[in-house]
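Heads up, there are several structures right after this.
You will see two complexes here that share chain A, one where it goes with chain B and one where it goes with chain C.
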Partner chain A sequence: MLRRVFVSGLSWAYLALVYAFIFLPVAVLVLFSFQDGRLPVPPFNGFSTQWYEAVFADRKLMAALGNSMLVAISSSVVSCVLGFLAAYSLARYKLPGSALQRGLLIAPMTVSYLIIALGLLSLLNALHMPLSLLTVGIGHVVINLPLCFAIIYASMGDHQINIERAARDLGANDFKVMALVTAPMLMPSILAAFFLSVTFSWDEFIIAFLLSRFDVTLPVEIWSMLRSGLNPKTNAIGSLVFLASVALLLILEFSLFGRTKKQ
Partner chain B sequence: MTATTLEDADRRKAWGFAAPALLWTLAFFVVPFLFMAAMSLWKREGREIVRVWNLDNYVRFFSENALLQGLVNSLEITVIVTVLSVLLAYPLAWIIAERVPKRFQRMALILAILPFWTSYVVRSYSWLLVLSKNGVINQMLTGVGLIAEPLEIASTRTATVIGFVHFFVMLLTLTIYSNLIQLSPNYRRAAADLGANAFQTFWHVILPLTLPGIMTGAFLTFVLCIGDYVTPQILGGNNELVLPQIIMLQLGRRADFPMAAALSIILMLAVTIAYVACARWLKIERA
Partner chain C sequence: MTAPVSIENVSKTFGHFTALDSVSLDIRAGEFIVLLGPSGCGKTTLLSILGGFLSPSSGRVVIGENDMTFVTPSKRPTTTMFQDYALFPHMRLSDNVGFGLRMRGLGKAERDEKALGFLDLVGLKASAGKRPHELSGGQRQRVALARALAVDPEVLLLDEPLGALDLKLRRQMQDELKAIQKRVGTTFVHVTHDQEEAMAIADRIVVMNQGRIEDFGPPSQIYMRPRSLFSAGFMGEVNFVPGRVKTADAACAEVETSLGSLALPAANFTAAAPKAGDAITLTIRPEHFRGADKSGEPMFALGDAKVAGSAFFGTHYRCHLQPCASDGDALVAHLPQSAEVRDGEIVPLAVRAADVVALPAASGTL
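Let's look at the complex of A and B:
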């Protein structure tokens, strides 16, 4: 009995300790984003929202925010559409060399982002192609396409085939079947793939850093802010990004995944 | 006759649907990669890249201590981080799976990985707030009089390791937890029936069965850790450079693309070796 109390006490202590470790930097980040002073370190001088005002007044930061959204959403749409079409083809038709095709589509997942970025950068340089948000987006599709393909492919079960056949018997062509039958049935996993790739693209640094020139995404802009050392403004934009991601996560948890669980 | 033509039409359609994704991957992943591999066999002379096939970059890598040391640093940090993360994450995953009541488990797990969603660059920066000379830890320790001089944690290998471990504990908790809850309680009952005590059950039954979860997470940790530039650059500073930092240096003022390409190939070989080493357990997971 005593031993059990001891073990369970130890468990809870460990749990608390690791949670403290996990949350420490985030707590410090958010707390000192409200710092009334120039340094985001103790002592806490008092509550102020001046750094948030500074963030919203910063044109470059706001432009980077817009660029990030543009790149994240457009590259995720492209990844989902290409991933869905490939998954449909590989799951519904027996093509020769389909294992090889699957391997090829998944391959970028096993390679470091740095290497993917470097490969694209050297090729673009050799072809004298200018760097822009478009090249960042192309890079982000490369890393997100395997993810979208894998998620959607995994959810294409055999039980949907009969429904697709029924639709085809009723005269629907492939595009109609895909758009009106397959895609709606797979919507939870398509949305999961979409949101996951939005978060990956939104947060991605090294590809965006190496493949952009004048217009940059948010992580790259934050990176250049770091050169000025510790700054409560960096805390403020960091806290805002965190808040936005958590909000998105909670929406997903309660709408999307909550719904699939009930089904 | 009609059957074959239908088949041909189907085949053409199937290729048509798969083609955009395949072409994208070929054009923007395979071709650039092959180009980079080829470039690692060229060399830089002045500002020009000379397309003469040679192994100079690789020879230089193994003969120049600063370059080779980068790989050694990378490997050391990655191994330390992977081991520490597994050791920290396993008990956490186990406690969430076994001690936390069922209906709070999902909540506990979401909490455990919540800081995962801070921006990657910002996460390293926020550790700087904690570890720097006038940061939280130093001010706390000097405040209570435990130390007189602030500790130099930022810009050291320790800071890099802390930043990495923080990130990968969250990842590993996820993979190990999902492995743990899939285990049927019957294994434990069977072990108990056969006379095993709690420790024996864990060591001989539970741990081997969760090896796939550990290895999946450990492999992911290895791959992401060894290829990362951001965390070592922000937290480790310019002491003890890791391979990605050295690659980025080649791209910067030196503009030595062939050398950067050669170093990337070496980085990829390290990952491939790790994959081969883990492949046995990674396969079990897929089956």
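Let's look at the complex of A and C:
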């Protein structure tokens, strides 16, 4: 009896430790964003929302936030559309070297972001293409397309083939089959790919840093703030970014996984 | 709408495998045709060729007046009801049924109204707003039927649509299918491996085996006067008795078997006219054995047989009988409920001449 209490106590302690390890940094970040003082380090001097006010008053930061959203959403839409089309063709048609093509599509996942960014940088230079949010978006499509392809491809099963056949049999052309039947059927996985891609793009720093110039995304702006030293304002903006990610995750959980459970 | 279908010398090969071997078939407009055969006999391949999902290696498919051999499924006057129903999971039932009409450019209000009409036809009008996953198997079946009929096809193709249902529901759906087919008048081509299902719904049955048509005709003809050993064996239980033609003329043939000799009318030779010396196989249905001669009809006594086991089946006793005259194969006979047979009992066997069908012996046909 005593032994069992001991063992179960130990496993609870282990659980608590794991969660503490994962969430303590975030908790500290959020806590010191409310710091009433100039330094986001202990001791905690008191509760204040002045740093949030400072964040919302900071034009550059708000512009960066807008840029981040723009890049995240548009690059994710492009990644999902391209990923869906690639998955559809590879799952439904016999293509030459389809195993190789699948491998090539997923390969960028294994390359570090730094290498991808450097490669794109020299390519853009050679093309005389100026750095901008567009080039950041292109970089994010490169890293998110493999992810979107893999998620959507995995959800394309043979049981959907007959459903697509039925649509064709009832008079739908290839485009209508894709738009009215295949894509809606795969919507849970397409949305999962989209939201994951948005969070990756939202957080991404290296590519955004190397491929942008005047308009920058939020992580790059935060990085330039950090160069002038620690400041509870960076904690505040970090907390906001965290909040946005959590919100996305919750949307994903309730809108998609709730729906698939029902089916 | 309805249209006749003509299949002319259609063959289909997959690599070295011949799935269909020069199949020809003429289906009349408004007929309920059942393609019957074991798995791998080519019946589903033939249905896919009719629906346009496969194109034949050679031969022609004509629906109505038009050559449809290489026309895509979306442009054919056919619709298919798939084995797994293939309903659109993300659409309400009314949108599922209205999908074909939407593809034909009908407005929302008009196609909803038509869709409701077809849902009503299959008894699901009240569920129009539901999605497929809220329905039972039998209900999904009906939605698939309504969806396929909503575009008013000339020919409806049904690919083992009742295969996934339990027996009772299957029998019920068979009756409904038949009734709906009568009402809409569309030509139905239905694939199954269940011979009872085939007899329950078909106007004419096509018995297929190894890519060929073995027999084609109304259920009673296929059952009573089969034209091949395969057809006889696939449609219910049958006894095969080997024999030889002793003498033959235009009206009658004398046949010798291990059970004695019989004089059969030439009409009972359904596959080929009898010639003296032919090796043949007599097919006798279990229910055609009579205990003894009671009516005044011409009967052939087949000698005595010993009961080697029996079981009560409700409508009859199914008995294994060992003929006393030969040590050949045991026979299966269905004796009437009132027979009260006991193991080891000796019963006299007889059969009506009209009930015996003579077919060429196995080596001759296969």
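Side notes on the structure shown:
Just so it is clear, the second predicted complex is superposed on the first by the 263 of 263 C-alpha atoms of A that agree within 3 Å, B and C clash if a C-alpha of one lies under 4 Å from a C-alpha of the other, contacts with A are read in each partner's own complex, and residues count from 1 in each chain.
The definition used in the following text is that a contact is a pair of C-beta atoms (placed from the backbone, for glycine too) under 8 Å apart; a residue touches a chain by one contact, two chains touch by 3 or more.
These numbers come from a predicted model, not from an experiment.
Superposition of the two structures on chain A leaves chain B and chain C fitting side by side, clash-free. When the two complexes are overlaid on their common chain A, residue A:Ile163 makes contact with chain C while staying clear of chain B. Rounded to the nearest 10, the angle at the Cα centre of chain A between the centres of chain B and chain C is 100 degrees. After overlaying the two complexes on the shared chain, residue contacts for A:Phe254 are found with neither chain B nor chain C.
Shared-chain residue A:Phe32: touches chain B; no touch with chain C.
Which of chain B and chain C touches more residues of chain A is settled by the count: it is B.
In the superposition on chain A, A:Thr110 makes contact with chain B only, not with chain C.
In the superposed pair of complexes, A:Gly171 makes contact with chain C only, with no contact to chain B.
Using the contact criterion defined above for the overlaid structures, shared-chain residue A:Leu230 touches chain B, although it does not reach chain C.
The least CA distance from chain B to chain C in the superposed model is 6 Å. In the three-chain superposition model, chain A touches chain B and chain C at no common residue. Those residues of chain B that touch chain A in the complex are listed here as 10-11, 13-18, 20-22, 24-26, 28-33, 35-36, 39, 88, 91-92, 95-96, 99-100, 110-112, 114-115, 117-123, 125-130, 132, 134-136, 139-140, 166, 169-170, 223-224, 226-230, 234, 244, 247, 251, 257, 260-261, 264, 267-268, 271, 275. Residues of chain A touching chain C in their complex: 159, 162-163, 165-173, 176, 180-181, 184-185, 187, 262-263. Residues of chain A touching chain B in their complex: 8, 11-12, 14-15, 18-19, 21-26, 28-29, 32, 39-43, 82-83, 85-86, 88-90, 92-93, 95, 101, 104-105, 107-108, 110-116, 118-123, 125-126, 138-139, 141-142, 145, 149, 174, 199, 203-206, 210, 218-219, 222-223, 226, 230, 234-235, 237-238, 241-242, 245-246, 249, 253. By the touch criterion stated above, chain C contacts chain A in their complex at residues 51-53, 72-74, 78-80, 82, 84, 86-91, 99-100, 103-104, 133, 147-148, 151.
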